[in-house]
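Labels for the chains are A, B, C and D, by order of writing; each one numbers its residues from 1.
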Amino acid sequence: MTPSSDSRARPSWLAEQSNLIGLAAIIILFWFLFTSLAPGFVSSFNLFALSRSLAVDIVIGFSTMVVLATGGMNLAIGSIGVCAVMASGYLMQTIGLPIPVAMALALLLGAFLGWLNGFVIVRSGVNSFIITLASASLFLGGMLILSKAQTFNALPPEIAAFGRMRWGGFVSPLLLVALAIGAALVVLFRFTALGREILAAGANPRAAELSGVPVGRAIIIAHTLSGALAASAGLMLVFRLGAAMPSIGQDWLLPSFLAPVLGGTLLAGGFVSVVGTILGALLVTTLRSGLLVMQIGNFWLQLFLGLILLAAVMIDRYRGVYAERRSLGRKTNLGRKESGRRA
Amino acid sequence: MSQNRNLTFGQRFLANEWSALAVAIVIGLVTLATLSSAFLTEFNLYVMLRSFCVVLIVAFAQMLTLAVGQMNLSVGALGGLVAIAVGGMMEKWGFPVPVAILCGLAIGAGGGLINGLLTVRTGINGFIITLATASAFTGINLGITESIPFYNLPASFVAFGTGRISALPYLLLPPVLIAIALAFFLARTVPGRQLLAVGGNPQAAELSGIPRDGVIVMAHTLSGLLAGAAAILAVAQLGSAQPSIGVDWLLMSFAAPIIGGAALAGGHISVAATALAVVLIVIIQNGMVLAKVDPYWVQFLLGALILAAVGLNRLRAVRAGGA
Amino acid sequence: MRLTIEGIGKDFPGVTALDDVSFEILPGETHALMGENGAGKSTLIKIITGLYRPDRGRLLVDGKPVDFTSPRDAIAAGISAVHQERNLIPRFTVGENIMIERPPTRNGVIDFDKVHSEARRFLDMIDPTIDTRTEVRHLSVAQMQIVEIAKALSLEARVLLLDEPTASITGHEADALFAVVRRLRDEGKAIVFVSHKLEEVMAISDRVTVLRDGRIAAAGQPIAQMDRGKIVTAMIGREERVAEMGTRSVDRTKTVMEARNVATSLGHKNVSFQLHKGEILGLYGLVGAGRTELARALIGDARIVSGELRLNGNPVTIPDVPTAIRRHRLGYISEDRKAEGLILTHPIRSNIAISVWRRIASALGLITRADERRIAHPLVEKLEVKTPSIEQAVGKLSGGNQQKVSIAKWLAAGVEILIIDEPTVGIDIKTKTAIHELIGEITREGLSVLLISSDMPEMITLADRILVMRDFAIAGTIENTRRYEPMSREIMGLIHAGSADAAPAAETAHG
Amino acid sequence: MNHRHHGARLRALPLLAAALFGLAGAAHASDNKIALIPGGPHPYFAPWEQAGKDAAKDFGIAAVDFKVPAEWKLNLQTELVESLVTQGYTAFGIFPGDAVGINSTVEELTANNIPSLALAGCAQDPTKVSFCFGTDVYNSAYLGTKALIEALGGKGKIVHLAGLLVDPNTKLRMDAVEKAASETNGAVTVVQHITDTDAQEAADQKINALLGAQKDEIDGLISTAYIPSVVAAKSLRNLGDKRIKLVGIDDDQIVLDAIKDGFAAGTMAQNPYGQGYVGAYALDLLASGTCTVKADAPFVKTPQTERFIDSGTLLISNANAATYKDDLKKITTEIQTSFKDKYLDCK
């Protein structure tokens, strides 16, 4: 056997993409279902609303995804998001800075708070779950102390106007922003040394360290990026609402994990799927909107989301096990798993 | 590397783990008692003890999953489900109080069992499983109640939630019994020791013939059972079965065991330290009302407290490692 | 109880760990199980104790087939084991750890007084000085080993497997253990004794089974009919195992790395040595002698607290691993490929290019897969890594091919000094030779290698000079004459300073 | 403790209302589908459901539906509104989940020619809702505090129990309480605002902690949210304290009982049924295109909006506990009958 460097010759390419193909198929199925049962689903009004919530969900998903890449978690993204939101409100309304400057500073604040998380995690060696659980509380509390929970509602009118803007009748420019961020993340993880280092640090920190990857730095950068992305998601909501409100971000936990996990990003680290995260967010948004339009949703929606997440991770799990079994024969821990099941 | 030196250091270490919390509590008590004459009044003590009850059981619910290196994000969601189930059974179906309570506990345990089985059978991270089931439990709760609470609960049940003997609320009885039972379970019974063994070294436990998967399922089931118990207590305390019970349990459920020195990796938990941590949190909350501190600070201080506790533990571990 | 192993086979990804292994363990005997690293002993023990299930063949207890699905089943059938891995619960007391399988209870409540008195009984058989009420995490490694043995004894099993029980205990404790083993045997129990130490085996075994390359090389031979030579021959497959390597020239005038009285934060003292250009400098020692730890200090993963490290004559301080690689061209291949060496889920391509990502990236930090392939592909061909594609996940390769990828990674990085820790652990014999030739080959191209190995033949085959380490210090340096018998005698002499008749057995890898 | 289901009482009310308005109905029939949307699940809004049904019947509207967001979260409310537009609803009566945050949604409704009203609570100006019809939160809190001060005899220390901190209305209520207190020239001081007491658990914990710690220092409690009113009434009864005066909000049975037994001085009644009923009536007219809002309508100006119509607030005390329901009905009838002429230009 000679090694082949032609990536197209890889037998596993299709298998690798099968998760995404499956996800896309499910989404198409739901769109078909909702469209035929509730024609209003594809009205330009609903499509616009959908594209706008999708944009926010995607970026929230990205924010968690970049940290999952390192095998860590960031429970503070909601808190970081709302800090950036309130900072932008303060800068625009009270200080009167121009919109781009205020937005840039708010993004910087988000990045800084993310950096703080990363720095403490790396320096203390404490699990990111605990650190970000605590910092979520700290950041939110700090924001409330400083802002007195006052909504900033006299923002420049351009803000709300941008949020309402429609391209092509039903696409929010926010969605394009989200997709542009996605493209940048694809470049980061596929075409840069930094992205590879983050993935290597997530897959096997010790091996990466001994291969010369500055693992601590990679983790800190991933958290910084996560903070900046959380801030972006918050700012997108500012555009959408035309106001900077302290209640933003308080229910981001579930969607932030839904999108990347549905999209096949591993909790163990070392692998991300940007396209998967986008599709994951699309599935969630579709379901939410569709179930509401069909009048099933509302109160039962939460149950459906939970069950979908369970089903997705379980299908993924068994698909993975099946693929592994085919290529490797019986694997040890699989045997262990079976024995555990019988015990 | 003399064994004796390690031992004495270890003893000191253990003593420290207790003392830091105890000292913080004593300082808090003394400060508040000096600052405000109202602090040690009978009613204020009653109020503090009363708010202690539910939080303590919630903390225990999380502590048990932490013991085996798992986590349970669904404590609050499961609590909410049990709360409305118990309320509904009493109001709509007219179940007698004890029957409703037993059914509620069974639902809690059942939810925990589902968490455990899913985690063990699929091998998927417990974080994701319980995140998903939390959403599902909340969904069932909202779907059944449409967010409308059950108000008409039996008078005897509600009376239990508000009754007291001087400063001691009746409500304190179940958490105290649970704490004693749990301490006994973890220290002196075979399943309790197995639970700690699996958390301490899963591979070793398995090689020693302990059914690891079974123990993890047990930990989740007990966690669900305790979440259910906490919910029933919350219903009694509030006098109505609110669908919103449990929505803000998550942070607290992790905060108390972690402040009490539990490690996420498992195997190291303490009933007493967790209880002390809850006492500390309750004192701080009460003190903030007493000192008329800006309500915004509550959130901030809780986060700071977790970080401080983790930092302290880390420092101790580093020092112990250096010795 | 008679335990029959019948045609057992077990496959792991890319390698057959056991193939058609059959022999019998009889009651009232001490049965030694021998073999080199990677011969399949541990796998076999894991199958017997229910941790793995065999892919082929079966186990019979007293003639009846059994199917163990978990360690519980094996324990229930009367089989217990002391494994190589530490299998104690750190925060439990010694007594509870010993009695963990069946703690004595009264009315469903654990009777801790009885736990400790029972544990005491078993602990006293080996070492009466350990307090049963101490938490295990406060014990030394040797004490933990003793607790493990006591734990296995407590199960009062009819078949007791001891996997390297003496690896980290003193001679005195070992003598106590052997006395217990003899007594148990006389009581009619079957003892399976796994060890590398030939003299131990000769001293206490009744019969010996040797595994080589996952197959039986000698099955249940009475020890009286064996001698050391025969066992070694069975283990390594030929009498003398020093392969001829191609000639290499070492320029002893050029010193690429020199340690002068180095002490480290990990506890090394007074370590001095010189590594010359193109040289393979062996670093031999028992488990716990501080070899791997020295490597960590040299690459900046631990601190050098005093003394001086010189590279190419210049004193250097290496703050971290990336600096060692980029500035000093110094690389390290870990003995634990899975945990520290490779990223198993990532493709060969990026595992090789990982060390040069920064270097091949454009000014904007951009790299394409093609860039990586340009680096990796020639090396994959040159090192003859057997894989269908360069995009294959490294975890799907065999151990030997994984090790080639590790070496390729450092060739790609262009290191000048490579520290290789246990290069052939878990690799079958044929591939072993290929790896040895590869190491020889890279030194011919000018690399200098610091070789850490517990495999004596490997050391004597490869090294130009051998540093012997003991207790985190250098015990001596020996010029390699490539004559196996005198070399191994001299090395063991340095290790057991004072007991010069130590056996030339290959030491186990870190447990 | 007495736990009668106040829902039963709320369900009885529409029958009376139907009798009252029976003659006014069937003036015209329309195809409009109107949705009445509260901010989230809350017992306060329960009368809206019947009010909607009554309005549909009385005014011949195709549908007036009560749609509740699953949780008290703005994004759930806006998503619900968006999905209802998709389902063909033509007019919305909304209790803003957030007084500011709702405006972007309202703006979209307006852009699609869908009229909307703020019901029960207002949207913050500038806003595109036609007008706000509800309780003037500032005024209600102000009047409540005045009533409390009166009950205290003009002096003392009071504590304000408020709802969600992140809700802008909470800030207004805090200001109103401060203003009423400041008018006593220091005789009455606001010791503390206790916020985020909208959830039962939090209210129970915080209010009991307050009473435990400071019951001897405070003289009065003004509650401006539903839940803390109930919890405070319960706690005072539990404590057996009649010294501390409580003025609550809304007419939960527990609060009414507390007034009767002397544990509370009074409570500010609102008019949810009237809000739903008249709101649906006005929305129907606006959505049919027959009417527009008068430019010079006699709106009330509040800190939140310049286009406010008061749905009626009155203090329930021991004096009028038996009759306040009739008073509210009278108010509703008055508003509805004069509404068209007073506020709308109709073809």
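Worth pointing out:
In this text, a contact is a pair of C-beta atoms (placed from the backbone, for glycine too) under 8 Å apart; a residue touches a chain by one contact, two chains touch by 3 or more.
Chain-to-protein mapping (UniProt): A = Autoinducer 2 import system permease protein LsrC; B = Autoinducer 2 import system permease protein LsrD; C = Sugar ABC transporter ATP-binding protein; D = Substrate-binding domain-containing protein.
Predicted model, so just to flag it, every value in this text is computed and none were measured.
Shared contact partners of subunit A and subunit C are B. Chain centres here are C-alpha means, and the one lying farthest from subunit B is C. For this pair, subunit A with subunit B, the centres built from the Cα atoms lie 30 Å apart. Subunit A and subunit D have Cα centroids separated by 38 Å. If each chain is reduced to the centroid of its CA atoms, subunit C and subunit D end up 75 Å from each other.
The distance from the centre of subunit B to the centre of subunit C, with each centre set as the mean of the Cα atoms, comes to 44 Å. Counting partners per residue, subunit B has 142, 146-147, 211, 296 as the residues that reach two or more other chains. Shown for subunit D are the residues that touch two or more other chains, namely 68, 70, 165.
Shared interface positions of subunit A, i.e. residues touching 2 or more other chains, are given as 144, 149, 299, 301-302, 340, 343. Chain pairs that touch one another, listed by label: A-B, A-C, A-D, B-C, B-D.
Taken together, the subunit A residues at the contact with subunit B in this complex read 73, 120, 124-127, 129-131, 133-142, 144-145, 148-149, 253-254, 257, 261, 267-268, 299-307, 309-310, 313-314, 317, 337, 340-341, 343. Contact residues on subunit C toward subunit A in their complex (touch as defined above): 11-13, 50-53, 55, 69-70, 72, 299, 301, 320-322, 324-326, 332, 334, 339-346, 348-350, 354-355, 357-358, 360-361, 364-369, 373, 376-377, 380-381, 385-392, 396, 409, 413. Subunit B contributes residues 36, 38-39, 41, 43-48, 50-51, 54, 142, 146-149, 151-153, 155, 158-159, 162, 234, 237-240, 242-245, 247-248, 285-286, 289-290, 292, 295-296 to its touches with subunit D in the complex. Every residue of subunit B that touches subunit A in the complex is listed here, in rising order: 71, 118, 120-125, 127-129, 131-140, 142-143, 146-147, 211-214, 251, 254-255, 258, 264, 294, 296-304, 306-307, 310-311, 314. Against subunit A, in their complex, subunit D makes its touches with residues 67-70, 73-75, 79-80, 82-83, 85-88, 98-101, 103-104, 107-108, 111-112, 124, 164-166, 168, 171.
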